[in-house]
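Listed below are the structures to be examined.
Here come two complexes built around chain A, the first alongside chain B, the second alongside chain C.
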Partner chain A sequence: MSAPAFRDLFVWEWRHVGRSPLLWSIVVILLASFCWGALTTAFKHNEQSAALERARADDQALIASTAERAVAYRAKITEDAGQVAYWQDPTNVAGYSEYFVRRHALKPHLPLSPLATGVSDLAPSRLEIKLNTPFGFNDTYDFENPRGLALGRFDFAFAVVVLLPIGLLLLCALLITFERDRGMLRLVAAQAVGPRRWIGARMAAILAWFVPAVLLAQVVALAIAGVPLGQVAAPLAVSLVLTLLYIFFWSGIALFVLARQPSAGAALGMFGAIWALLIIGLPMAISALVATVDPPPSAVEYVDAQRRVRDEIDAERDALLTQALGARPDLAAHVHRATSLDYATRLSFLVPEIERRLSPQRVAMEDHRVRQERIAFATGFLLPTLGIESAFAALAGTDPERQRRFEQAAREYQQQLRACVYPLVQAEITKPPAPPVRETRGRLNLPEPLDLPEFSMTEASNAERIRNVLPFAFWLALLATVTSIAGWRRADRWQVT
Partner chain B sequence: MSALRLDSVSISFGPLHAVEDLSIQLQPGEVYALLGPNGAGKTTTLNMILGFLRPERGSITVAGVDALTDPLGARARIGYLPETVMLHPTLSAIENLTYFALLAGRKIDVTTARKLLGEAGLQSDAHERHSGSFSKGMRQKVGVAIALAKEANLLLLDEPTSGLDASAANDLSNVIRAASSRGIAVLMATHDLFRVKDVAHRLGILRSGKLVDERDAATLDPVALEQLYLQRLAS
Partner chain C sequence: MILPLLHLEIAMLRRDRRAWWSLLALAIVVVLSCVSIAVDNVRVDASKQQVAAAERQRWLGQGEKDPHSAAHYSIFAFKRAPALSALDPGGNPFLGQTVYLEAHHQNDMLYRPQQNASPLQRIGFASPAALIAGVAPLVVFLLAFTLVAQERERGTTRLALGAAIHPSMLVVIKMLAVWASTAGLLVLPVAVVTVGQLAFTGQLDRDALLRVLAWSATFAGYLAVLAAIGIAISLRASNARLAMTTLFGVWIAFSLALPRAASTFVDTAQPLPSSQSIRQQMASEAPAFWSDEQGQRNKQELLARYGVSSLEEIPNPRMAELDLMERHSHEVFDRILGPFYDQVERQDRWFALLGFVSPTIAIQAGSAALAGTDFSHHRHFIDTAERYRRDLVNRMNADGMAHRAHGSERHTNDERLWSQIPEFVYAAPRLGTPAMPAWPAFGALLVWLGIAASVLTITARELRP
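The block that comes next holds the complex of A and B.
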């Protein structure tokens, strides 16, 4: 006459829970939502990848047609057919610099990208780089992150973060409060089992079904979405560990609430409140707080500043150019040409000046983004619901940090192109004007198009990506342990009177 | 060693003294009827024996085990039949019995389960039916089998005959007598005076948490018992 062994209880519970239609309904719904979420993202990413391919092809086509034109305009002409306009002339270095140097900076999707949409539907993964666009590229995307307004898009991460806990909590609430709600709990309690062992065995049995089913569903959903599982084994394994820990985090909360054997209604009410708080309430409150304490620099003001600076530059144009030429030892002797420079050559002096004048606003915006990233990282520890989403995005390569690095690389790429082309453009100022004899249609101060460098961006390795999410994974494990232990301790007596 | 021993046990809920200074002792095989109207404190007494409530004063031992310091150990020696037995509706009588036996730390096979259900009076064609369709009396019988499966030293029966038909109540009396003859002590809380006279060796009358009389059942005929009961409650 002694308490039942945990193992025996567990085996019985495992068989019993395995026959529960509720369990399988929830698993099927989660599987469907995982697949739906992963497929939606994969579909979006495939379209974006196709757009990247088109951009690459456009670049190649432009390079090819530029070379073709250069050949055509280099050919000797017999009768005077007139010269082409300089902006159509890739053999003219100024025309070339403004109208023929256009490349795309591309951020390809990683193989595991269907794991989380992240910023991939907010920020472009393809940036058009021209020499004279201030700061590298045009901000063509949304000023404000719509994440602040709603729960987010329906991707795989959403299904895990938001729907998985609903399924798990529902399952725990209904299966663990069953005896109480049916008036059987006294009879259970009057046997020789303590509440810890009894609730523990049932919880373990639920998890013994739920965990493998959910992890399998995750793998299946990603496979259906076209993730090459073999290639992403390590980050995929880490994402599975994160899902596992996230389940344990919620099961710890469930255990804590169910430890005092509430009725199903009370348990569901409590779970609903906790879920809403962790998934909707606190994230929104923190967003609102952050927006109040550290508001983003006004995008409208930035647009205004751009307009103002352009107007200033237009007004001061000749003075600025005179000053710029005068300041350069190699060009000082040609200051008199300042007022007769062509548009493209002028830009090579004026655009850096525009950038210089706008840089305070630009720096403020960059700094704000970096702060936002830090806050998001820290908030992830406070609210594991946000943390796991960020961790998924980091593994998927759709995180804001990678986006920022991509944009930085795009800017650096523009600087690199300028370093190749601007000196040639500006050197033309020192040369006498082209001879009046027209032997070719082209101006031939750049006979061959330049062999410009390709865009490249240093990518974090899989190992680095994984290392970045490890602190959060450990934290989640700690939280799961703490809530589970607290729940276990709380289940110290039967509540049957 | 007594099967059950309550020494000056008291408990109150706020201002209400639900049980006051209650002392009862049961020898193995003894059947004791705790009589009292609704709200007298019978279920509260059983709750304290089961360790669900902690008395403010007094001590409780079940077959030598201190129920206050080792409630789990005491419970393992108690077969308990609640007032209303509820079962897993999707499990059969046998499966329910095996489950509750397992919770009591006993692994029983189907043969034992059938035997116990038979002893409790459940007709054998019901053994494998889902208990969701069972009547109160049938569930009660499964409850009795669950209590018997524990091979406990003490049976606690809370209003065991309320809502049962005459034949089911008679089956229950037989079970009690059989248990008693095997040396199991039985404490039944009830207000069913006639059944009491049928099976109990001793009876105690509880009024507002106080034991106001305790008698040998053999010394009373049914009419005398009823008179005594009414008189004790009135005074």
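The block that comes next holds the complex of A and C.
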């Protein structure tokens, strides 16, 4: 008796599996999960984009009202309209610098953002930039319900990372163990077909239906969520490849377990254990280990340090200002004015000093954050569940690295604004002090508000984003190959007695 | 009669190494997560206490200054980890730990522990409550499957039913065996660890003990629901394969898909206004630095309020204006932030109501409420800190208003005034004190218990030797 060809077995299995209600139930549930995840993430991101637009409009409104006031305060003083206080006067360069220079740094969502929530529910996409806020901006966030943050969002990445393997494993466990549980495995074993060819053909048949259905579901879900597919063809294609490799990785694990032809109960128990290990156990263990070895710098101690440094600066204020003015060739001749400077002008010297004194803590916090990102990236190779989630976030533009670059750009933007405004504020020290009584309502040492630069951030191109996830994609392909080969080799004999 | 049989069933469970070792592994992970969170809380709380004491000293020692400047200097208030957060940190990792209580601003609470969490830190964070709610169903079902479906497959159930035992007794014993094993290994140890931690840190009072008991009882009830469902499905399924598949499906639905889906649904159906629009509204209606035009309106209001025709007749017009704007800001903050926080609580109430869809949702909502780590407890801290801030700022402004200061004159004060402000001390609300949005979750759990008991009873009645 000659063994049936793999092709014949595959065609027979393919037809058989295609008629399985279980297959289509799982595909429909996954499609619904993908759509729900992508839609709710798109909804959230649309709300955030609307908030960014409001912030932009708010900036424009402030610029317009500042210009309006600057014109109005050129008027002569009357009995009803007196001299405007310096902190209300945009024509006073010092008051302008502290109370009228406020711009937003905005991080828009990328077109493929519904692919993964990433850090978009946790990290701010809008930072208020003022000249004298140490290190660019205050610690801030957009409030989200903490219950939702703790549970995690049901986003597209969750559906792929967590639910897709469960669907696939359930399908494999129930379709491949059918004969074993019905007591028919002996009959199959009695035929001229080896376990490798038999299990392999059925697994291939399952994947032949499952893979295109899942990939199509992914495209449909993202299209329904409003992703402009044409614009994001390249990263979308890479995300599809990643999903494909992720399916192959889990099918390799399924093959490895099912190679010994267990019952459905035993297979599901084993799958449950592997799934829990990869999704919960190992991330928890590695995270706990990392937290023990490299604990985060204390935010509470940072608050303490800020307060101490500010007190020190207050106590040393006059000496620091005298020293700062004395060290500047253009201001040295005016060092006697160090103790009579207004609040905003003082800040232009003192805030950089606050930053200098707090920089060790700040650098430690930033370094820790970068280290944690690197560890998470490396751990992604050990835990494909984490790796694929991170890769999706990178393609979606919701990854921690883009967030960090945005925050760096926000800080650089503040420096840019300071470079425009501080010299004008400090130049006033060299000019004669303002007379106690003047003719105009405004000080008019800044006749018109400055035309300050807009925030801009250098975005990584699609090619760079793709390049960043390629190492993981290759690794996942390797893992999928290794697990599949291991499973194939393991299915070397019928487990019937 | 029951005890020896129970003992026997537990012994049978222990013989199945796969199921029993899964339970033991989960129990170890649950205890480790509890200890890890408790140790971290103790460390961070000690640091908070230390810095809070330093803040008090800084406040008292700030020297002589204008009282309004003192109100700007103010203090940072720190929120200690809730007593039971080692059992269930709830939303605390995503909530700020400290708030700056300065004049003119109701600031956000800052420095959320998970603010800059890497993806690994975020997915790797697990608490006893999250593990028991999410993973225990799988283990409970595995135990129930082992005790019922496999026995039935082997034919031993038929033998047992044939012996002179009433079928319902057999079912109850099996359910009790699964429940006792899981509750004993998953809930009891962490409850003991938490009581020990509370005693060690001097937080063990009647309320904390009551909360631990209520939390443990609620989780024991949850495990009873799961055990009953597991046993009933295993008994009713026509074969072991179908039983395992159904149990697997129930676990996925109850514990993995529905909680996240429900949470996302609630947050999407009843979205919060963005913080950006809230802050923008607050800043435009109650600015910390107001325009000259607003200053003119303030002047008219002060003249009317004091019944005078000139600011010269007001002892300290600058401070009076600051007080006017400060009190105006209180009204604005209450009007804008109040409904915002109400909406957060409304979302939580809806989530708790969805506990009728899955017992895991019910336990997740109920657990955080009992542990004092849900948003309603956090809001209690926010409100307490804000009341303290307003009292402090009002007191400072009042001192300024009581002293004459015109033109370049400045009234100052010193430690005699600063020490009149009591130290900020926060006492968490007692169990049941805040309007807990999670109440529907407890109703849902009771309904689930009723359903599970009914299904088990019907299944037991239908069981024939």
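Definition applied: the second predicted complex is superposed on the first by the 475 of 497 C-alpha atoms of A that agree within 3 Å, B and C clash if a C-alpha of one lies under 4 Å from a C-alpha of the other, contacts with A are read in each partner's own complex, and residues count from 1 in each chain.
Here, a contact is a pair of C-beta atoms (placed from the backbone, for glycine too) under 8 Å apart; a residue touches a chain by one contact, two chains touch by 3 or more.
Note that the structure is a prediction, hence the values are computed from the model and not measured.
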| item | value |
| --- | --- |
| Clash or fit (per the criteria above) of chain B with chain C on chain A | fit |
| Touched partner set for A:Gly272, first chain B, second chain C, both or neither | second |
| Which of chain B and chain C A:Leu9 touches, first, second, both or neither | first |
| Which of chain B and chain C A:Ala190 touches, first, second, both or neither | first |
| Contacts of A:Glu389 with chain B and chain C, given as first, second, both or neither | second |
| Contacts of A:Val496 with chain B and chain C, given as first, second, both or neither | first |
| Which of chain B and chain C A:Ala291 touches, first, second, both or neither | second |
| Superposed model, chain A: greater residue contact from chain B or chain C | C |
| Contacts of A:Pro453 with chain B and chain C, given as first, second, both or neither | neither |
| Lowest C-alpha to C-alpha distance for chain C against chain B (Å) | 14 |
| Shared contact residues on chain A - chain B and chain C | none |
| Chain A-touching residues of chain C, taken from the complex the two chains share | 18-19, 22, 29, 32-33, 36, 44, 47-48, 50-51, 54-55, 58, 76, 78, 89-95, 97-98, 108, 110-126, 130-131, 134-135, 138, 142, 145, 149-150, 239-241, 243-245, 248-249, 252, 256-257, 259-261, 263-268, 271-272, 274-278, 280, 289-292, 295, 340, 344, 347-348, 351, 364-365, 368, 374-375, 378 |
| Partner chain A, residues of chain B touching it in the complex | 47, 50, 52-53, 72, 75-78, 80, 82, 84-90, 99-100, 102-107, 143, 146, 150-152 |
| Footprint of chain B on chain A - complex, ascending | 1-4, 8-9, 12, 19, 182-184, 186-194, 198, 494, 496-497 |
| Residue ranges of chain A touching chain C (in the complex, touch as defined) | 33, 36, 40, 43-44, 47-48, 50-52, 54-55, 58, 69, 73, 84-85, 87-89, 99, 118, 122-123, 126, 138-155, 158, 162-163, 166, 170, 174, 177, 181, 263-265, 268-269, 272-273, 276, 279-281, 283-288, 290-291, 298-304, 307, 311, 369, 372-373, 375-376, 379-380, 385-386, 389-390, 393, 400, 441 |
